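Structure, as structure tokens:
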Amino acid sequence: MDKAAPDPELHGKRHRLHEVLFEADTRAGKAFDVALLVCIGVSIVAVCLESVTSIREQHGQLLRGVEWSITVLFSVEYVLRMISIRRPAAYALSFYGLVDLLSILPTYLSLVFAGTQTLLVIRALRLLRVFRVLKLAQFVGEAKQLRAALHASARKIMVFLFTVITVVVIVGAAMYLIEGEASGFTSIPHSMYWAIVTMTTVGYGDLAPITTGGKLLASIVMVLGYGILAVPTGIVTVELAAAGRKRLVSTQACPSCSAEGHDTDARHCKFCGVKL
Amino acid sequence: MDKAAPDPELHGKRHRLHEVLFEADTRAGKAFDVALLVCIGVSIVAVCLESVTSIREQHGQLLRGVEWSITVLFSVEYVLRMISIRRPAAYALSFYGLVDLLSILPTYLSLVFAGTQTLLVIRALRLLRVFRVLKLAQFVGEAKQLRAALHASARKIMVFLFTVITVVVIVGAAMYLIEGEASGFTSIPHSMYWAIVTMTTVGYGDLAPITTGGKLLASIVMVLGYGILAVPTGIVTVELAAAGRKRLVSTQACPSCSAEGHDTDARHCKFCGVKL
Amino acid sequence: MDKAAPDPELHGKRHRLHEVLFEADTRAGKAFDVALLVCIGVSIVAVCLESVTSIREQHGQLLRGVEWSITVLFSVEYVLRMISIRRPAAYALSFYGLVDLLSILPTYLSLVFAGTQTLLVIRALRLLRVFRVLKLAQFVGEAKQLRAALHASARKIMVFLFTVITVVVIVGAAMYLIEGEASGFTSIPHSMYWAIVTMTTVGYGDLAPITTGGKLLASIVMVLGYGILAVPTGIVTVELAAAGRKRLVSTQACPSCSAEGHDTDARHCKFCGVKL
Amino acid sequence: MDKAAPDPELHGKRHRLHEVLFEADTRAGKAFDVALLVCIGVSIVAVCLESVTSIREQHGQLLRGVEWSITVLFSVEYVLRMISIRRPAAYALSFYGLVDLLSILPTYLSLVFAGTQTLLVIRALRLLRVFRVLKLAQFVGEAKQLRAALHASARKIMVFLFTVITVVVIVGAAMYLIEGEASGFTSIPHSMYWAIVTMTTVGYGDLAPITTGGKLLASIVMVLGYGILAVPTGIVTVELAAAGRKRLVSTQACPSCSAEGHDTDARHCKFCGVKL
């Protein structure tokens, strides 16, 4: 048997496996996705609980059991994905391939190194696997629309971010000059942190102006922040509206009166009645 | 007299009662709604005041008087509703039926159990009864439009919430690693709480980064929060605009194929081409 | 000379006076408006400075001088307005008439009563006079558009406020139950204050949940606050867009092809070219 | 050789220099822009680091080296710009000319005066040079659209700011009366600072109401702040949408009356009726 004609039975099995693991059209594929979501959820809850000292001390045994069970399941899944796909190298180096690897590696590494916090935190990246499931499910259209809106406004957002950074640097420098070390504005980067906390209207209050001049500048920055906050909202709204409109109006022109702007479900021109 | 022909006089009374209690078209129905609103308002104010220690000690007698008067009124109303409606079981198990029951139960239970805080708080749920009145009144259209806008964007909002949760988990885990226990980031769930407080721009300041790395990450999260905050606003705005535009779609049905949903400027049916 | 034919010279003077005081079309009227704005500004600054203890002690004499000068000017203006207008009683009882009276009364009253803080604060209401000037100036159109947008969405805003109040009461009551007196949630009204501070994303941090349950509820309220914050923005945006559109598209239909949606500056139908 | 015919070779060199320094169409111009961006970035980072006491003490020598290198480069660039441009005086007095001068002056002045904080902060203004590069690059369209949106809504924003200032003054004065010195509301300007911190939803918490009356007023101001926050967002969104729509207006000019601004669906000139 030459290489060009592989075992057809093996080929069929691989194809079925691919369908289950990577697609969500079949029943088995959907069931697999739901199972995956549950596993990810359980695993993330375990990571969160393990970081709480009192729970780790009491239920450490149980949490480690859950962790190893899920790691074994994910490892099997990783191997099966490698087998079922035609170009395993491309998958292994893709974004989701790396996330899949990062989902299982920390647990194995914890055998070698003492179970440090860093490994715990890397395990939290497992949550990114959720988006693979989203990609397959019925949310494609919605996610695509949101992404298209963000993409279309990327340039405007960059101009906006540039402006914000400039304001942050200059306001931060001015505040450092006005308030000085006594109020806690010990350096320009520290003042810039305050400027960001203020302009995003988060306002922790761990750093706040004390002098009259500082309060005046802070007030101006806050009112300015009103307008600055409005810009990204405006941009995203307009792009979302445009993305929504595109779905609804077809680009078809009437063959008789060449009127445009017909709905996508229209079968006759709404102005002259001719068949589109 | 057989069952199929009930006492017509009783039937009429029941019908009138139903009109007063459940509808707002008649004069009596409107008057009843206003009285109900006043009772709910007085009752909620009483609940709030009773929770203030100093007021409870001074005016406890009065507050208990108000509470019992309103409970008796609500009980009578509950019984009348049960009588006037055709299928009392369905009403008792409906959302508003349960709210109505929860409005009277705590006061009676306080006779058995010592008047605990829990019963006091359940009494606050009484406020939900207000929405029954809104449902009947002239706000139907407005509320429907708001609800339609939220419903239409439910999927986009779910994708958005998923993204927010993912960012919260990963940022929380990273912050737990960077800041550590010394700054108060004692566990991943606790850091996630910080991430939510920051990304929603609430910013209590009970938990704030102290290290330079933590402040840097916090700054990035805040600026990111700008964009994230813009998405739900954009979604709701676009849906509200779409809901408003639907009023621009004419209510005319095609005389030939009786299709609906034509634009107001359409002169021919967009499905069969017949003149409208 | 009978009553029906008043002194024409006096009538002319009164008319000119009315023009200067109440209108902004003439040169004198504009100059008067600018002078009024300056006086109001100076007066408000004086009120603010007088409330600062150290400045009041040092420059009290000067501030009282400024205050009396402006009060005398405003008094003269008030009397002239009374004379120039046809129905002085209607003016005196109108909103701006009362504001004008409140602008001069506190200073005279301070002769009788010792200059209390209350009188100082009432003097700050003087700032409302600014809107009279705005009303006359070129901002009419803009202000009208903003007001129309708010008016058109008044009902939706009421439904929204009702929902917010309900959420505030129920969340406040629940938080009072969960956190209790130990964390500072000493009563339901106090917890409701916390709920408002949180849902509006102000987040002072003077009151913050301490227990795990409280933090969980707070997190849910904050993410919910995202959506709630989006609703008024969406409503106002849609109404502003509608108000803006009304200006641009005329309601004129083409007399030949009866097409609609022409720009307000169009003189010919954009579809068939016939004169509109 | 007379003055009217200058050395053509020198003229050509000057033209090439102008192209590199002021334009971004040629390859050399683009390379220069990138180099400028890197220099500005390095310089700003150096300014920020120099303000941190510990870094200044350790790496002061290095930072001063970087500072002088960049100052020399910027000085050479400034001189070349002066040479290459036709009207050097106009350039020197333009906004970007002054920014360019402010970018090099502080370092030279630090030779005369002891290197004060003020000079350090002025050096941060260097960041404004970034916008010159933006002006030349592909962001022109985006920046123009953002600026047009802000410009078109300038009047509405002024009315809005006026309203905000009035609310701030009156709420500030009322809060000063209600809370008094005991809660830290020591003067009206100080209370106005609190009002701004609250209405912009920043909420540091350095100043918060303590009395019941103060908390009630604060709650009302916060809920009011919802609506107030919505207005600038709505304004900017509508203007951005309008700016985006203008792209939908065709660039076609009427062949008869050469009027522009026709809708893309127009078939006849809307001013003279001639077929487009």
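Chains: A, B, C and D, in written order; residue numbering restarts at 1 for each.
Convention: contacts are C-beta pairs under 8 Å (C-beta built on N, C-alpha and C of every residue); 3 or more make two chains touch, one makes a residue touch a chain.
None of the values given here were measured: they were computed from a predicted structure.
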Listing by label each chain that touches subunit C and subunit D gives A, B
Farthest chain from subunit D by C-alpha centroid distance is chain B
Comparing which residue numbers subunit A and subunit B contribute to their contact, where sharing over half means same and under half means different, the two sides are different
Larger contact count among B-C and B-D belongs to B-C
Between the Cα centroids of subunit A and subunit C the separation in whole angstrom comes to 42
Cα centre of subunit A to Cα centre of subunit B, whole Å, reads 29
Chain centres from averaged Cα atoms put subunit B and subunit C apart, in whole Å, by 30
Subunit B to subunit D, mean C-alpha position gap in Å, rounds to 43
Note: subunit D residues in touch with at least two other chains are 189, 192, 201-205, 229, 233, 235, 237, 241, 265
Given the complex, residues on subunit B that touch subunit C span 44, 47-49, 51-53, 117-118, 120-121, 124-125, 127-128, 130-131, 134, 139, 142-143, 145-146, 149-150, 157, 161, 164, 189-190, 192-193, 196-197, 200-206, 229, 232-233, 235-237, 239-241, 244, 265
Within their complex, subunit D touches subunit B through residues 201-205, 233, 237
Touching subunit C in the complex, subunit D uses residues 155-156, 158-160, 162, 166, 169-170, 172-174, 176-177, 186-189, 192, 198, 201-205, 208, 212, 215, 218-219, 222-223, 225-227, 229-231, 233-235, 237-238, 241-242, 262-263, 265-275
